[in-house]
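Below you'll find a set of structures to go through.
Two complexes are shown next, each including chain A; its partner changes from chain B in the first to chain C in the second.
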Partner chain A sequence: MSERHPSGQRSRGRGLIGEAVIRREDLPLITGRGRFTDDVTLPGMLHAHVVRSPVAHARITGIDVTAASQAPGVAAVFVAADLDRLGVGPLPGADNLPPGSRNPEFPVLATEKVLWAGQPVALVVAETPATAADAAELVDVSYDELPAVTGPLEAAAPDAPVLHDGADNVAFVKHLRSGDPDAAFASAAHVVRQRMVSQRIAPVALEPRGVAAWPGDDGILEVRLPTQRPHGARNSLAAILGLDAERIHVDAGDVGGGFGAKGPMYPDQVAVIAAARALGRPVKWMETRSESFLATTHGRDQVADLELAVAGDGTFTALRGTVHASFGAYFTSNAPSSLLGRLGPMLPQGYAIGSIDVTLAGVFANTTPIGPYRGAGRPEAAYFTERLVDLAAAELGQDPALVRRRNFVRNTDFPHVTCTGLTYESGDYQVGLDLLLDKLGYAGLRAEQARAREELPGETLLGVGLGCFVEPGGITPGVPGPDGSAGDQATVTVDPSGKVTVSVGTSAHGQGHQTAFAQLAAALLDVDYEDVTVVFGDTATAPFGYGTFGSRSAVAGGTAIHRACERILAAAKRVDAPMPLAEAAARLGGLSATAASGAPPETYASGAYGCVASVDPATGRVTVERLVAVDDCGVVINPLLVEGQVHGGVAQGLGQALTEQVAYDSSGQPLAGSLMDYAVPFAASLPPLECHSLSTPATTNPLGVKGMGESGTLGATCAVVNAVLDALRPRGVRHLDMPLTPEKIWTALQPHGS
Partner chain B sequence: MPASTGPAERDVAVTVTVNGEPRRERVPARTLLVHFLREQLGLTGTHVGCDTTQCGACTVAMDGVAVKSCTVLAAQADGHEVTTIEGIGDAEGLHPVQRAFWAEHGLQCGYCTPGMIMAVRQLLADNPDPGDDEIRRGLAGNICRCTGYQNIVAAARAAATMLQES
Partner chain C sequence: MYTADFAYARAGSLAGALELLAAAQARGEDVKLLAGGQSLLPMMKLRLAAPETLIDIGGVGELKGVTGGPAEGAEGAKTVIGALTTYRELERDPMITATFPAMADALAVLADSQVRARGTIGGCIAHADPASDLPAVLLALDATVTIAGGHGTREALLDDFLTGIYSTDLADDEIITAITVPAAPPGQAYEKFPQPASHLPLAGACAAVEIKDGTICRAGVAVTGVASRPYRPRDTERILASAPLTPSLLASAAAQAGGAEQGGDVRPLSDQHASGPYRLHLAEIMTLRALQRAVERASGNSSGKAGER
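Here is the complex of A and B:
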């Protein structure tokens, strides 16, 4: 139906890799026939409403559910003690913490204390959503309020109110130290210092979270869950409910965006699933958008105090400082990895920096728990470093593009081991930057800017900002699968009629894997694209995998598919003469092979983004005139999908840069409780995006692909902020923290502004 | 006080022509049109993305004009005609706006998509040949968190061309 659809000879074979095939998943979605969790309705279905703490920090002195239990239409009301009786355990906290860390259990329903405004306290189950909500009003909880603390620095202070009794709020401290940072700083010609905040923001997947659960046939617990990790969800549910994982069936169905927030298992979802088991009836719950701002994990929330040592010739020699990261009231499973595995280790970005001495501190505060959010530590690392680089350029009086180029890891120096111990397998940062500068018309822009500054100093301020980054992708958690094999699995089946089914343990929620993986398998097997079906997202039909997050699926899922396809091709050779795969499959009565990805080394995609922004000094208003993206994610399976990922990431990055913030007052009450006061970008917030690419194939996986699902948030955040601050620099503004709202900018431009 | 005695819980009869078919149901007076469509009629293509009339995921047409069905009571639709995403086209015959969203990769997760398509349909009815800026401004009532809007704008433009050629 479009020239983008492969036809004729282009619908098979190697040529399919790199083809802009339009998506096969779209037809149901554009005709209103998707299958999202909220679309599930079953006979006898009950509806749940979560009673949440209205205060940020308090002891619970009493809960009376009598009136609520007796309200019309109410089937049951659950509090913590009821779940205890049902054998429903707490959520386990985080994995992969440094030794000696604190890792409090995360109760499904609050017991003695509530630690954030929004923490689940009780669950009301009733005939309709409205009767459940009405009855929830009747649950009477008495709170003895305690002082609250919300920011990472404040929570780490020695006199801060303590969340988890028995110690302070600092859950862990980890030092990254290598090279000779002391010598580098002692001999530095310049030291650039800055405190920088990556503010708390909300993922806002357009489909809110929810769950539907019911007792199925043969004692199987059926769970419809909008999740990025169906197998992970099943396994954590099994542990929390005390069930065998085999007794639980998790089906993600269509998932309306995740951005990391649909990775963890949440207490409210566990409570609903436990209620469905206890009542022996289907129960559904969907959060409202306002509830989502309290209940769904937020992202970021770090304060960095960092210094960059620069030698006399402009070479970066060392980084040092401290990053305080708040994780909110409790750890969710993989939240600390954002700081420990991403933010800290990625601070060197694409620069050949020899030494580091950085302390990473994770703290608890009376706020919604933090989870991974698009980039999960990557955008923050890129942002902190790219701000320091721009400040260094300004202090040295040199062009920021030049300063970057001088310090990049050279394309001849790959693989490059960073001072934090990561191995970047390939890349060409100079060429990426040059392409960006060319597409931007950088020299011309700088000339225009100089002219404007000279001739019209009071008028609109023009800024040009760069954001260069390295994006790790393809992580495979260190936990082996149920059969002991490492990584995600893929099963490829060729039936005797030649139809191919690829089932895989990664789990897309908007990324287009049905299309991309069908292209991949059709290319590898040399069969027709239309003959390939791709299956994922359902623990009954997909093999084990870690799901989709952290830009991992093309690398891990792709590698597993590649290996399974190789096995199929080897098995097809059992026929006596060379013949097309379909014929061999017919002769052999069908073929099937399963393979695991193993743990392919992570890939390191890179990019160079540029932004042209203007600021109206009279109002502080920013207009983003241009956004230019250059991405290098190695071999591209489907450029349409890759560009789509870039577009979405850029919008989210721009949102963090300019408008988005989850703020709290001093008592821990959230100030942004709905889409009326939390400002996600609209269509008119963005200029047309200009996307370009280059390709240095990954050397560490058989496909040459690099994870790239988060690049837009890395590049856009840096480029937009750097552009705005470049515009403000002649007016004496050195740094402002995001979001760069008109009010903040206007205030900074006033004679006595800060 | 149990809330179930108030007027909002009293049932009212609602007759609405939905996608050309007359439908008659009794629902609690407080039922929103979006819930009427989704729960009473099983038309789950219309989505709920917020509770403050910001996101537009619930956009449908009432008497040919786009409305946010989370902001209309089912009772207010009594006697009116409603068209949902299911009513404008299906696999056998897609509406040009649906075709354009597909061809231009105007969706990722697809959650905003039914509302976006209904909103673009309205936008093109008001302005058959909009420029990019007009499209962007015209979509101020619809949020997409996945696409950065780039390909939604492209889809709107492509649909405008298709509609003008047809």
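Here is the complex of A and C:
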């Protein structure tokens, strides 16, 4: 890695791209000068408390708010009928569903039925958060409880309790079929099959959700919302509240992490905003941590039954099977895209697999709605395929690294079109894997492992696991912006003193865009880094954009900034002689240009991760000894930010692999309601992370960048699980589902174990 | 989360605290004592506890600090730990860590830095969480609890004081004032297997052994996290003292760690983090590891940090 750029040092020019500049956003954040939603305090502000269903599935037979309405300090209590009268809601359901899908409307407050433990039923607004909480206990809701169903397979069963109108809980079924899968399976020398679960997990951002809303000047509705999509949130609100989008101002302020969960608009937030409008006063609501486990979207929750056909020479020829994905009680706007656009189409990963026959089924269950969660279908696809690849290697009796390399798309075969119709623009998977094997000391590890198995069969079990992946990034939604132009917009302004302001429609929530985009603009305009200010997250000051999700901002926001900078440079040529940009701007009385990204194609970053893990056979406890990451995300703007993304993604991947799970009992009650029971990784429990990179630039955008914000979850999840199962293989364990808890492993190691 | 309403009173002395307690009870109020607040306050914030009155004894100086121990008196002196002594004060007390290596082990893996800064030994005992580290150490070392009440002061063996999940023998008008630990042999250790989220023990074991002529002449063993309260596996202790010390003696003694408690079978806890049989298995493994390290330390080998990570 290049030298870290000390904050404050002046630097400029092309060389800034690739420089490890220290994040400029951190100092205010770590010294208490952040602008978070909970920091909003206004005169006359009221506080909301959401009354939530305590049961997973029930008919509401009555709601009595009399006592709560009369409690001290209470301004109002809202139920579904009140919102109806105000013309609010419902939320529209999901985008981009296959034809014929069921897409129920998502009520802001529950009407006849509640469908998950945690669904909003009423909203109490009072003078303080505590009085609102006290009064919420007085809201008397009568429930006629119904049987509940929580797992994807159970919910899809024909005799399952049905959530929405209709015969069953299956919302859609989509088939991915191409090539000649039947022939490939008929002629396969080996067929590897496995049922695999990617369990339901919770995003657990440092800042929970919330909202503050108040009537502003000139009838503008002011909304402070920790969101990944300020413009998208504004447009959703306009539709739900029946307002003109221009009458709503959304400011995200600082956002303390999202991981996808701060993308959708939520019913509780809509209810609070509607209450502020109805009461004509500021109203704020902040989710508590416990509430977050019930109310903020979860991720994953799929069961895959998949088969890989392998020819006699070890070549992978086809994939087939079914993936059942639960979406919880209701669709959130972009949740099904994780399955339909990511998980299914990405199953081939980096392998040249010619045929596929996979069915994707989306189902409803009595659980918290699913949303995109870091990777959103990508880690699941990588996990399912990489487990099958390890099982194939075991069946072939060949080294898993060798089996991978033989089947990778060759570096001479790009652009590569997958059997699912995606175009990978560039990559070099063999070189990435070779770099990983070298950094791991793979041959030496295998020798050490063989020796340990020979000499110390009862002692600590050592495993080595690989996880190779392709990560699509940079998606641009098909809906054009308000002026009809495609993609995200950026406005670059150079004032007469030479100071540059970049405002961009991709809104960050922890990624470091202020730093990266300042580097980018300073490099493109050849000005000082310190002279560039970056603005986003506020619909009043940032131009239209789709926000930040799906590893899209370097690709989409970066391309928009690149185009706007090109226009600035062209405009600066209007002066009569060549001169520095600042001088030209002074002569011309300032410069400004806006450009849209268009819709740059998605990029396909890749990676090869390796894990060394040991298992204590006496307790089943796993120790991750090493985790080595090789990432290829094309041109790197700031390697420090890339490494930070890898670290965070790895932590979340490790969490899914080893400890995290949102579990429910048979009545649909969640078993973990706080961080005392839900086990996210601790900093102290992470292994030292060894990060390496190579670069095959993207050929489809002017910067050559590839989205990589989720790679750590793709690589770590499968590398860690493959390492643990590699350790357990000599003891006769073929597969275990995540999380790989000590008890699960210990049980599998017992003579009666599976 | 926001607590329900409650009244708050601060006591300046033990006598004052007892008076406040008696007065609140005379008014028929549901009252709780607040010490470090590391267990009670989270429960109140989740509204799992909603006392009408809190009596804050955190400022009662006479209940803080450590007295006695070998540094102050002759060999064999007792160590008296004031109920409001924090984990942090204990872990930074060289006499405590030198005299009770098992307590040092437990303090090093107990909760997190913030909890250790505020949490008190008396609060820990009064809370009687079934999965708590320090009670296992105190139980294995034969600690006693000193209790003050309206009718005077009494002493109870910790083993008698702990009665079940979050329940003790403390009467409504009483306050724990001190924990007394008798002189203990240097051969002691605590081992824990943490629950991954809370880091409370799914199973923790403390072993204290005294070895004479190759035989264990005195053994104290206690297991926490496994049953409704920390317990002494008496069969384990009996086996340890029954024959010359060998590795297989430790193994067969540890094998009884989940087996019997004062004549009755241990009824293990079971939840989403660990089933009953797995907890019993962990009790055996943690006991074995604690015994091995205690024996090492008894032989003058002070090596061996606590087993966690």
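To be clear about the criterion, the second predicted complex is superposed on the first by the 746 of 754 C-alpha atoms of A that agree within 3 Å, B and C clash if a C-alpha of one lies under 4 Å from a C-alpha of the other, contacts with A are read in each partner's own complex, and residues count from 1 in each chain.
We take it that a residue touches a chain if its C-beta (ideal position, glycine included) is under 8 Å from a C-beta of that chain, and two chains touch if they have at least 3 such contacts.
Since this is a predicted model, take the numbers as computed values, not measurements.
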{"item": "Touching partner for A:Ala130 - first (chain B), second (chain C), both, neither", "value": "both"}
{"item": "Of chain B and chain C, the chain that contacts the larger number of chain A residues", "value": "B"}
{"item": "Which superposed partner A:Thr747 touches (first chain B, second chain C, both, neither)", "value": "second"}
{"item": "First (chain B), second (chain C), both or neither touched by A:Pro72", "value": "first"}
{"item": "Partner chain(s) touched by A:Ser551 [first = chain B, second = chain C, both, neither]", "value": "neither"}
{"item": "Touching partner for A:Ala663 - first (chain B), second (chain C), both, neither", "value": "second"}
{"item": "Partner chain(s) touched by A:Arg23 [first = chain B, second = chain C, both, neither]", "value": "first"}
{"item": "Touched partner set for A:Leu671, first chain B, second chain C, both or neither", "value": "second"}
{"item": "Partner chain(s) touched by A:Ala679 [first = chain B, second = chain C, both, neither]", "value": "second"}
{"item": "Touching partner for A:Arg621 - first (chain B), second (chain C), both, neither", "value": "second"}
{"item": "Common ground on chain A, meaning residues reached by chain C in one complex and by chain B in the other", "value": "130, 134, 288, 290, 674-676, 680, 684"}
{"item": "Partner chain A, residues of chain C touching it in the complex", "value": "1-5, 46, 193, 195-198, 272-275, 278, 281-282, 285, 309"}
{"item": "Chain A contact footprint on chain B (complex, rising order)", "value": "2-4, 9, 28, 30, 38-39, 42-52, 54-55, 57, 84-86, 89-91, 94, 98-99, 101-103, 105, 107-114, 117, 132-133, 135-137, 139-140, 142-153"}
{"item": "Chain B-facing residues of chain A, complex", "value": "1-2, 4, 22-23, 25-27, 29-34, 36, 38-39, 41, 71-73, 130-131, 134, 137-138, 204-208, 254-257, 259, 286, 288-290, 509-512, 640-641, 643-644, 646-652, 674-676, 680-684, 686, 688-689, 712"}
{"item": "Residues of chain A defined as touching chain C within the complex", "value": "129-130, 133-134, 288, 290, 618-619, 621, 623, 658-659, 663, 671-672, 674-680, 684-685, 741-743, 746-747"}
